[in-house]
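Per-chain residue numbering starts at 1, and chain names A, B, C, D and E are given in the order in which the chains are listed.
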């Protein structure tokens, strides 16, 4: 059962703003800094022991991409922030892994927060990772809660010698990262659709009480995902309008494409939600139908047997003078009477549309 | 049962943007290129073996309309794209048959994505085809997933010597194509309405469990269609506002008409949806009514027979001294007692409004 | 049962735009042309045999109002269109009686589409007529599907010598016509309210299965009317903003009044809708209440008679040694036991709040 | 039961606009004209026999407030309208007591329509009075359907020699009147809240069928009030924006306060509505719970007594050879069997979670 | 059970605007005035006996923060208002503890109203305190209904010598206060989430009638909180847009952060609401499921025992000639017949899907 978001945010109440406190679970043991420098002509990739190591590295005219796995080390983050001249609020937001997606424009750089979703095949098997991006004129910083394969293809494309990615600036890199994240939502949607359709089959076939819980859980996951995607859509829309001037017009064309994908994901999610709501209706109606059928069975049984039982009881009374008792066919007459009464009553109810 | 949209979009995750991968089912075996050149004075129509064949054809001052059936051949599409100077994202979107309707303005041309719907008379018999249009100053490209008769009347009108269509530019041709597509929605709506009214008759007459599934399936189809039509409405609205300058004011007047039709289709769809929602209510209430009637029957049966059975049981006890047993009319007294008790109980329940 | 709107619009698919095809039922046999010319000084009213007759009539400086009953004659309409220089789309829209309310601004004239509603006292007795208005600088054209009394008072006021109507221009005439149409909605609303309140009385008194259908049908009519009124509201709002300059400021003041009336009609319609929704809730709850009461009756009956029947059965067994059988008061003891057990069980259930 | 708004508006259909016809109930016998003239230095208050009496009264530099109780006298209203140069539509709107709240800006004066609500402690005991205000540069006209105490405190404050009210212009008087009207809504809301909470206690304690009707009626009253308050909010918002220039900036500050109060009233109304909706849910669920409990009782009774009755029946059969019949403890063995079977069945059902 | 907001606002009807009347409960006995003066260089904190004491205190160039606990003393508030040149409406709003959150811009200062929420672990244990802020160029006034620890950390940070808070102006102090208030909502949300999840466990485990009331009560609290948070969000949004110029651009960056937090709180609240709505559905369906199971049990019992009882009755009749009676195995034949009939009926119903 997925829990409501509750990352002990209250732990921070009373602290001054900009106080660097990590909020959330620690998902990786030691933070890892990876630096990629690239330009149309060159490419270098190295793991850094600490932020200070950056000073030793010469800065060419290319784009610098610093990626950090593990965001619970407040000191390390503060050092990164200072090195790149980031506002304290940015570092605070990176530390707090319970942000909603947003884009903040700090004249010299853009700060973007997104989430990576992963939903397993089983119920409640959901993981969320916050990814923060800082996009400067000639650098991009990415902060992830734990290593994930999402950015691997981009690194691969950078390593390959040719391609648009190497020739263009930090804005295109940022776009590629955003694109990779949004694309990963498609498989989440597919997994959700599969589970919804599994539930649909169950309900149209043989619904069980556990099916209901399945719908309940899936609905909550959909609602949760939706709540993340709406601000993401807004965020990408803001980037597309591009007042900040960080994204060149050519790149903005691509951003619009990412925005379209997000809208598409959201609509597929609405499809799942509508399906689930429809299923709940079908389930409830099927239940009612079933009660209906069983009450009818009960009525038929009672209608057939109660009169007959009464007749048997009547001829079982111990009066001295009861008609038919001494007649040779009395017994069979009584049985016929039972059958007759049952038939007549059933016919009457049938005719008055009570039993069909 | 219509499946949720799921065209294995995820297959593309990790590829660079603009990667030309076909997403969707392949609906026609060999792609067909058809070229129509027309001007007020001339008209020519020919099938092309490949894109290179275009180079051999002289270009007059008229309008060129290139139509392609079958969009799974990425190479062919790339060739078309290069020939007409299209942006890689356009070709990517043509290949991906899971787009939502949209219009993108690339300075030199407009790129429009729409869908063609067809709903059969039977449940779940739905086919969707994506149609992409590229509208340039003097050319129009159309990409369809498979041959359809939708554009046949337009070709017919072009072949005929006179008419507004031949005298005007590519914008009027584009309008005519859009109009043909939107008009085809009217018959889809009619088919849906018919099915909805069939279900209504079933429910007001003799509802069955399968009726419920019918509503469920139809509702899903309506929701799906609606999800396509809303962005289509937006798209046409964007074209009507016509900031791009591709459509001349005279043609914009006609576009506004197409826009009105789309709104009309959407409203008819809402009618169907409202009808279906109303039907669900009626169905559920009819079910409750029915349970009600049957519980009442059961109550009547029990109220009449239980007391009588008890009386019969009482006079069937083996006590040595039981009143009435030896009286000649004892039996008939007992029967009267049974009838009397039943009558009194029924009267009491009737009076207290329990049985009516 | 009102049918969904379905006027075989699809009949037109594939035809060129502007194709003059009548869509809808033919509601009057021969079209009638009525011409009224008026100015502060003069007034003339005549029926015309055809459009050509207009040429013979001198044109003063006053306002010309041409009214046409019956819109299925495409040729006649085309002639009118040509005579007054109307755009082909206008004539197409007049012929298609399945338009939604709208106003189109063609520099030289405004084209307005509205509907006249009439709802009889019986279910489903609904008639809709489309009324199209063309408002020029010094003329007004009205197209109606069949004769109706709606415009009679206006003609009457024009015939009377004095009054604002005669002294002002075509815009005030157009306003008067709109006002007459909108005012006619008030009686429709009253009729709907009456029927809704009739259903309310039925439900709070003695609900029947037919009541449910009554609600269903009325709801559909309300939804249908609402769908016409919303675009009408928009249309009037557009006219009020009056960018087109067809309505002089003095007249715009009056238009705002018509707009207020439309809003008022819409809100009354919402009242009816809310009432109907509330009724459905009350109906369903009343049903549940009733099932509840009957299940309770059944429980009481079973609780009282089943134990007693068992006791009777026990003393009816044929064992040789059964206590009490030989005692003179055994029978009465058994009866007391039955009554006692019934009383105790009823008391227990009562105490545990099961039967109250 | 409150009726839907239905003041025979249709009575007016077909009349020319501006036709002076009273719509609504006549709530007071003779109209009363009261005139108050005040300035920082002087104050006079007199009842006028007719409008002509105004001519005899000298006009100082102060503010003139003319109040009229009773709005069914069309002639009197026409005279007032002419005396103060009002537009015919204003007088028409004053006569029609079925207006929705609005503000109309006629260059020389503002025309404001509001409603006074009063809800008694009993169901359906609702009265609505329309109050129309005309606010000129140096005069205020108020038209009420019947005398009410709402404006008494304002008159009192005017009579008192000092206070802001006497020193400021007609705009501040208008504000004070609006404030008095909006403030009166607070007690309406309190009354509604009390009734809603009364229903809540009933439902959480001992719900009865009449409770349901109580909710239904209260809901309708809330919906009705809400429908009046929304346009009132709009109206006050329009006044606050104050494009007309009738309200000086100092007064606009106060108007904003009245606007805040209206929003507050609306939100409290939403609270009541939410409470009522919640109550309906609780009521329905309580009902279901109860049916549930009673069906369970029935099941327990049947499960315990049916097998026992069967056993008694078996030993009551008249076969010559039935085991146990001749044994001295046979009777007690049979009773034990009955108890045993009942116990086992109850245990089985209990274990399978059917009876708990 | 939380009551609807009802602070006897009507007590004020009829009084002139700006009348200083306290509305609400008195939550502290004697009002306390606390003054803090600070600048980068100095800090002083003292409790004041009355407002006049302010005159004796020299005013440096720093920021002055006057805090008042207890807002029921109208005279004291009027004195404060006069001392700082506040508008009468401000003091009126401070006295009325039933305000909705808002920000009013009075050229020389901003007036902000907020609420402090506290929800205990038990049902209905909710306390709301209104906090009013007046933010001037170099002073901040805070009015609280009773002492709370919310501002303690800020006082602490001021007392500490260094920190941004001491170096910046009144706008940053105001921001810090707003931040402290909004942060306190996080713990409220956590408490609500805990209670919601407690209810979820109850419902998925063993639902009880009291669970329903728990949902009802919690829903009302959520709705109430939501109604406070929406205008708070608006208020903060207004401050962020910062047209008033009270907040310097650096501080506005921080305000945007507070705004983000509010949005976050609201979304978590929506999560709780969605969860509660989902729970209600699950609860209702579980109930239906249960009725279903019990009706089935009843049907099984009746189907098995009624035919058998009839057979026993038949062989218990007193006819002289009944087959089997004299056969040695008659009794066992009868029992077999009973078992057989029961088995056949159960099989039939099973096959016709009535009992599964």
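Assume a contact is a pair of C-beta atoms (placed from the backbone, for glycine too) under 8 Å apart; a residue touches a chain by one contact, two chains touch by 3 or more.
Every value quoted in this text rests on a predicted model; they were computed, and no experiment measured them.
**Student:** Rounded to the nearest 5 degrees, what is the angle of the rotation relating the C-alpha atoms of subunit C to those of subunit D?
**Tutor:** Subunit C sits rotated relative to subunit D by 70 degrees.
**Student:** How many angstrom between the C-alpha centroids of subunit C and subunit A?
**Tutor:** 42
**Student:** Averaged over CA atoms, how far is the centre of subunit A from the centre of subunit E? Could you give it in whole Å?
**Tutor:** 26
**Student:** Residues of subunit E touching 2+ other chains?
**Tutor:** Within subunit E, the residues that touch at least two other chains are 288, 291, 295, 298, 302, 306, 309, 313, 316-318, 322.
**Student:** Could you walk the ring starting from subunit D, turning first toward subunit E, and list the chains encountered?
**Tutor:** Counting round from subunit D, the next being subunit E, yields D, E, A, B, C.
**Student:** Quick check: in the complex, which residue numbers of subunit E touch subunit D?
**Tutor:** 1, 3-6, 8-10, 12-18, 87, 89, 98-100, 102, 104, 106, 209, 212-213, 216, 219-220, 223-224, 227, 280, 283-284, 287-288, 290-291, 293-295, 297-298, 301-302, 305-306, 308-309, 312-313, 315-318, 322, 324-326, 328, 330-331, 334-335, 338
**Student:** Taking the complex as given, what residues does subunit B use to touch subunit C?
**Tutor:** The contact residues of subunit B facing subunit C are 152-153, 157, 163-165, 175-176, 179-180, 183-184, 186-187, 190, 193, 196-197, 200, 204, 253-254, 256-257, 260, 263-264, 267-268, 270-272, 274-275, 278, 281-282, 285-286, 288-289, 291-292, 295-296, 298-299, 302-303, 306-307, 309-310, 313-314, 316-323, 345, 349, 353-355.
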